[in-house]
Amino acid sequence: MAAGADDLAALADRFRATRALTEALVAPLSDADASIQSMEDASPGKWHLAHTTWFWETFLLREHAPGYQLHREDWPFLFNSYYEAEGARISRAARGLLSRPSLAEVLEWRAVVNEAMAPLLDDPALAPLIALGVAHEQQHIELLLTDIKHALFQNPLGPAMWDGAPPAAAAPVAPMGWHAHPGGIALVGHQGEGFAFDNEGPRHRVLLEPFALADRLVTNGEWDAFIADGGYRNARLWLADGWGWVQREAITAPLYWREDQHFTHQGWQTRDAHAPVTHISHFEADAFATWAGARLPTEFEWEAIAAAHDPAGGNQLDAAAPPLPTGSAGLFGDGWQFTRSAYLPFPGFRVADGAVGEYNGKFMSGQVVLRGASCATVRGHSRASYRNFFYPHQRWQFTALRLAKDV
Amino acid sequence: MAAGADDLAALADRFRATRALTEALVAPLSDADASIQSMEDASPGKWHLAHTTWFWETFLLREHAPGYQLHREDWPFLFNSYYEAEGARISRAARGLLSRPSLAEVLEWRAVVNEAMAPLLDDPALAPLIALGVAHEQQHIELLLTDIKHALFQNPLGPAMWDGAPPAAAAPVAPMGWHAHPGGIALVGHQGEGFAFDNEGPRHRVLLEPFALADRLVTNGEWDAFIADGGYRNARLWLADGWGWVQREAITAPLYWREDQHFTHQGWQTRDAHAPVTHISHFEADAFATWAGARLPTEFEWEAIAAAHDPAGGNQLDAAAPPLPTGSAGLFGDGWQFTRSAYLPFPGFRVADGAVGEYNGKFMSGQVVLRGASCATVRGHSRASYRNFFYPHQRWQFTALRLAKDV
Amino acid sequence: MAAGADDLAALADRFRATRALTEALVAPLSDADASIQSMEDASPGKWHLAHTTWFWETFLLREHAPGYQLHREDWPFLFNSYYEAEGARISRAARGLLSRPSLAEVLEWRAVVNEAMAPLLDDPALAPLIALGVAHEQQHIELLLTDIKHALFQNPLGPAMWDGAPPAAAAPVAPMGWHAHPGGIALVGHQGEGFAFDNEGPRHRVLLEPFALADRLVTNGEWDAFIADGGYRNARLWLADGWGWVQREAITAPLYWREDQHFTHQGWQTRDAHAPVTHISHFEADAFATWAGARLPTEFEWEAIAAAHDPAGGNQLDAAAPPLPTGSAGLFGDGWQFTRSAYLPFPGFRVADGAVGEYNGKFMSGQVVLRGASCATVRGHSRASYRNFFYPHQRWQFTALRLAKDV
Amino acid sequence: MAAGADDLAALADRFRATRALTEALVAPLSDADASIQSMEDASPGKWHLAHTTWFWETFLLREHAPGYQLHREDWPFLFNSYYEAEGARISRAARGLLSRPSLAEVLEWRAVVNEAMAPLLDDPALAPLIALGVAHEQQHIELLLTDIKHALFQNPLGPAMWDGAPPAAAAPVAPMGWHAHPGGIALVGHQGEGFAFDNEGPRHRVLLEPFALADRLVTNGEWDAFIADGGYRNARLWLADGWGWVQREAITAPLYWREDQHFTHQGWQTRDAHAPVTHISHFEADAFATWAGARLPTEFEWEAIAAAHDPAGGNQLDAAAPPLPTGSAGLFGDGWQFTRSAYLPFPGFRVADGAVGEYNGKFMSGQVVLRGASCATVRGHSRASYRNFFYPHQRWQFTALRLAKDV
């Protein structure tokens, strides 16, 4: 892929905008806020700031910036995430024990790396790697937001990351409508234009049977009805692993719910019945769908409908402001949508060589695919072919539910 | 489905043969052998004898035999497996603490139920339920064999369930050949003739890309080469969950391996380099395939090739004799073959009403599909559409590996 | 210690009586009953039968019977308990997975060893070791009884080890009376006459302050009052570790209690309000004492009073019959009595050389001392100086409570 | 106890000095340093700052300062430690998730409380409670120092809390000498003059046999010899619980050791062979003593010798400087010394009424007594009767070993 001058300028802009957005988002965080870790699945905010910087230093500056010296020789051990090829690293669970380096020191490192990157932004040969780095940092922006939300939630004081009035109530939702699809052979996977992760290809044919996909997400109010109908106590609605999880963890509602409130980046707020439900697990989504006489879509059904929608539309992240689902039209935004598809390689998928090849392929077991984008996804990051993936019990992301049915 | 007189007679024969086979298989077991439980995944032999009998008593005799009295009022609590609709039951992990009822008492129960079943075998209306009961008991025959093997393996004395000389060495295997498939739209799932489990349907179309499937299973000798090449120490070969499992459990070889021996129902025996490797996990199968430059087949690829093979062929269980993989031709026998397919419902699948509806559908999360049949599968039990399923780390079944590749 | 001919004859009688008692006690057990293990703290009945036999074979026959051949070369690995000096052994938790050797094979081994022991019983030089072996086997008789009770309790059928009518109700107990002691310097520890374990010495002086010890055990009825008064819900009554245990394990009553019944070797029976409470933990005993305005005695206070009582008196085990607390006079019998004393070495205690030195000393951390004897203690086994010891949360023994107070 | 004007002035000075010392010690800590928690046993530095302040607010200001308003209504839930009588509180393990309130906010609270306390310091009726509060804060000063050391140790960067050169090497130690004691009846426990914790009384008589106590602590160099002799691999040296701990945790050296270095508040430093060994568990201390042919003293033996030594002598904490064992003469300082005594109530001990009664009594199970004082103990805090206590596996305190022997 040869990147032209215009493309390069646009990529450089995206690099700078993404780096700046990361930094703007953490502005409200104290050194301690940015250092705590609430569970092994989540990382401290400071860690995200540093890990994304490590990525640029490791894969761009160290390899391609003549004479570049590592900012600190012993930091890569701390901020490598899971790249076996890049050597040892501290265990995930211990990331919350790093009071040093401080938030200020990490921000200083970011500034150094941002400056050192400037000359490389003009090099067309590096454009693919830079595009990958931008996408990588955008992913961590979303994780940073969901991880800090989870960390602040642990605090009985219910601290807010952002102050200010909560948004106005959403308008009442209309009855659910459906996008019908006649079935047939469809092409899915990334088209080859623009950046995509390795796991989005190869583009290939799939056979679809006729189906319909809901034209909006399930709402908090609809979820209240599921609860009121005993949804969390009826074993028949649940997958066996899900029922075990519900009982073992004593689950009775989505994450962050408490009576008629839910926890947000603005602290505890009254829940909006018309807003999409978020922070549900795959198990919960599947049980709700069964209860509703519907089912989850496959990832290919979702993609076949989404291909006709604007991936940059809907409620996504534009600036350093608290993300909150509000109920957008279209297929994208508000929350990542569970599919019934296991996260598996597409036909013909090959793991890339080198450390970058560890990016996605090795996670293709035990996880489920989510599609779309959430209110915490940087606008411009997602695509119709984008495959997000989590374990079926996880729910600290902005996860949501769009029903499907056979027709 | 109307069952004619001939069909009914054949079904009654299968009922009697299956019940008799179960009982013949446990003849070598002592009361204590039949009572111990080596792990939560496995059940005591006595439990299988009783649970299969509970099935007949609960779904046939209690419902359809006029005046039938439960053999013991308090036994269903002990021998219900997981049917929520059939009420409470002891926890799986506690099955090995039941020294009472004794093996002799359970065998007596079996005789009572066998006799009580006789009149029902002539009722065409019950034929579908009886066919299900037979298939259910055949499944438990295989579990009984694999569970008792695992239990005896725990004993440092290495006790044999069956005495006698081990089989003669297998003939050297030929280099691996391939069944090529041109791709296209294939019909998969059960045809509608004869018995099948709910999870095998609905029959539906799938789109296949050109591929090839190996004409034999991977052997012990080939697995030795994988080990010698550091297969268990090379993170790049493994799925992330698999690599975590290898490290956490310190896995270095298939289950039951010890130096040049492996544990069998005849105790510790020298391993045959030409026999198929068994007792591997999905993680191991996937890593081996990656190492070999191949991949696992999808369940549909497997089925497309298997449709042309005899499901009653190969090395399967015919009589009360120690099962051992020997290397059969065809697609069936020796070991269940891992696919890369997650265990998910087919398009249009609906969970059946009633307790029987709990049979399969609720397990459709987190497990992978295996196809074929093993040396411990009752001959006649399997089909091209048969879907077996286990968690990716489990390996106490006779699990095996048939490679696939793109062409 | 020179053992005279009369002493030797008496010792030989005790050897034969003890071995015979062990075997008579297990007569009601099936092969499976004798093989199951309900928790890591407990062992299968068969294991006790074998381990006591291993003791004679290892420390007597192997060392002192010319030409004696081990009955089976690979059994010591199975039946060594914890003697590091005697080599490797299977993990405690795996004892319940040994279906082989069978109960019958173990009983056959017992007969072989009993016969082989005959000539050694006349050797005065071996008398001390034989006395130790007898005491060791008597200890295992009590463990065998409490372990099998715990195992049968796991079975929802509530099977009885012994049939027959439960004992008649105990007579109403009198109000608690007190044995007063004026304090002063007392001599405690074994006197030097007759057999004692190493941990009972050296005999030494202790200083006692004036105190009083109850003249009977706390009853089931008194424990009912403690429960009715919220004893299990009042944190102030409990030691910190005890309160943690109560909450973590959701403890609300002694072990084996269910409504107005308790589980016994004769199955579920109505509880007798006048019989001593048993199967309580040290934590529970301490909380009850605090609730009652009393305290636990020290082990030396207990011994100072017990010195004037008959250690062979009270309700102890005489024959192969179900043990049950009934409320005996004197200091011995019915249940082992908790003291507040940690299990520590006496001044001047030295661990003996050799494997036998592992007997007691190494357990002197984290456990508490119990004194007396229970209804499952072989009469003749206990002494005023006898020190039993368990972890403070354990309660599957016949543990009981005798209050003390300052005066 | 009537407190005269001079006493009151001295107490007020101690109040101010102790509060100021706490604050001076945390001066090097960042907000994040003060917020992290490395294990459930330890607390964040900020938590100690707040908890000690909660103590003053709860037991002094709220009760005795007319019109005092809680600084924040919702902070007591966060900073109550374990006082059941003072209501609910967050779980210990979650203390490290509190990024808010910030270190600055907590220090502000401290200033408010310090000022509000001023008038109460003149009230003779409050002197006992104030003395308790001072002692309480002194205890937390030591915990703050040991907890932050443990937290910084988790960081692979090995950050130092204090910079500056390490101390000069200690002078070579002389061969171990012994304080001999002839035995007899001794009086132990607090005398009744000055402040003491409830667990130090009642003063009572104990009977001692002749013994000797070492005149110095065991050194790092002597511990090296224990390691070199296979001390950590020889089961016979260890208590059973200790041997289980060594194997389960793969223990091979004291905490904080790495090759010839150890981790200190000044980061990684070369270990001084002549300095006392610290950061050992009771299990390790007991094993070393057995290896050395000695034993641990009882707490009463220790106290009988210590009565003749200056409790304010030796290497203890005087100012905001890094604590480090250096090898002091006398019985106090450098490290808390393990005794063989279980932590049990003294004869006649009664738990005090009210929340303050929860101070010590409820911990009297499962822990062992340590005596003396460490380099992190505020000088003036300890006494000959002072009883410190920890679980036998814990070793993040400055724990040390002084041998004893029978004579």
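Labels A, B, C and D are assigned to the chains in the order they are written; within every chain, residues are numbered from 1.
In the analysis below, contacts are C-beta pairs under 8 Å (C-beta built on N, C-alpha and C of every residue); 3 or more make two chains touch, one makes a residue touch a chain.
Since this is a predicted model, take the numbers as computed values, not measurements.
Asker: Which is the least count of steps on a path of touching chains running from chain A to chain C?
Answerer: 2
Asker: Same residues or different residues: which describes how chain A and chain D meet, taking over half shared numbers as same?
Answerer: same
Asker: Quick check: how many Å separate the C-alpha centres of chain A and chain B?
Answerer: The separation of the two C-alpha centroids amounts to 38 Å.
Asker: Compute the distance, rounded to whole Å, between the mean C-alpha positions of chain B and chain D.
Answerer: 60
Asker: When the centre of a chain is set as the mean of its C-alpha atoms, what distance in Å lies between chain B and chain C?
Answerer: Chain B and chain C have C-alpha centres separated by 46 Å.
Asker: Could you tell me which residues belong to chain D and also touch two or more other chains?
Answerer: Residue numbers touching two or more other chains: none in chain D.
Asker: Could you classify the connectivity of these chains, where an edge means two chains touch, as line, ring, star, complete or other?
Answerer: Per interface graph, the chains form a ring.
Asker: Note which residues of chain B are touching chain A in the complex, please.
Answerer: Chain B reaches chain A through residues 82, 84-85, 185, 204-207, 209, 235-236, 238-243, 282-283, 286, 340-342, 344-345, 347-348, 351, 358, 362-366, 392, 406.
Asker: Help me check something: in the complex, which residues belonging to chain D touch chain A?
Answerer: The touching residues are 30-36, 38, 46, 74, 77-78, 90, 94, 96-103, 151-152, 154-157, 159.
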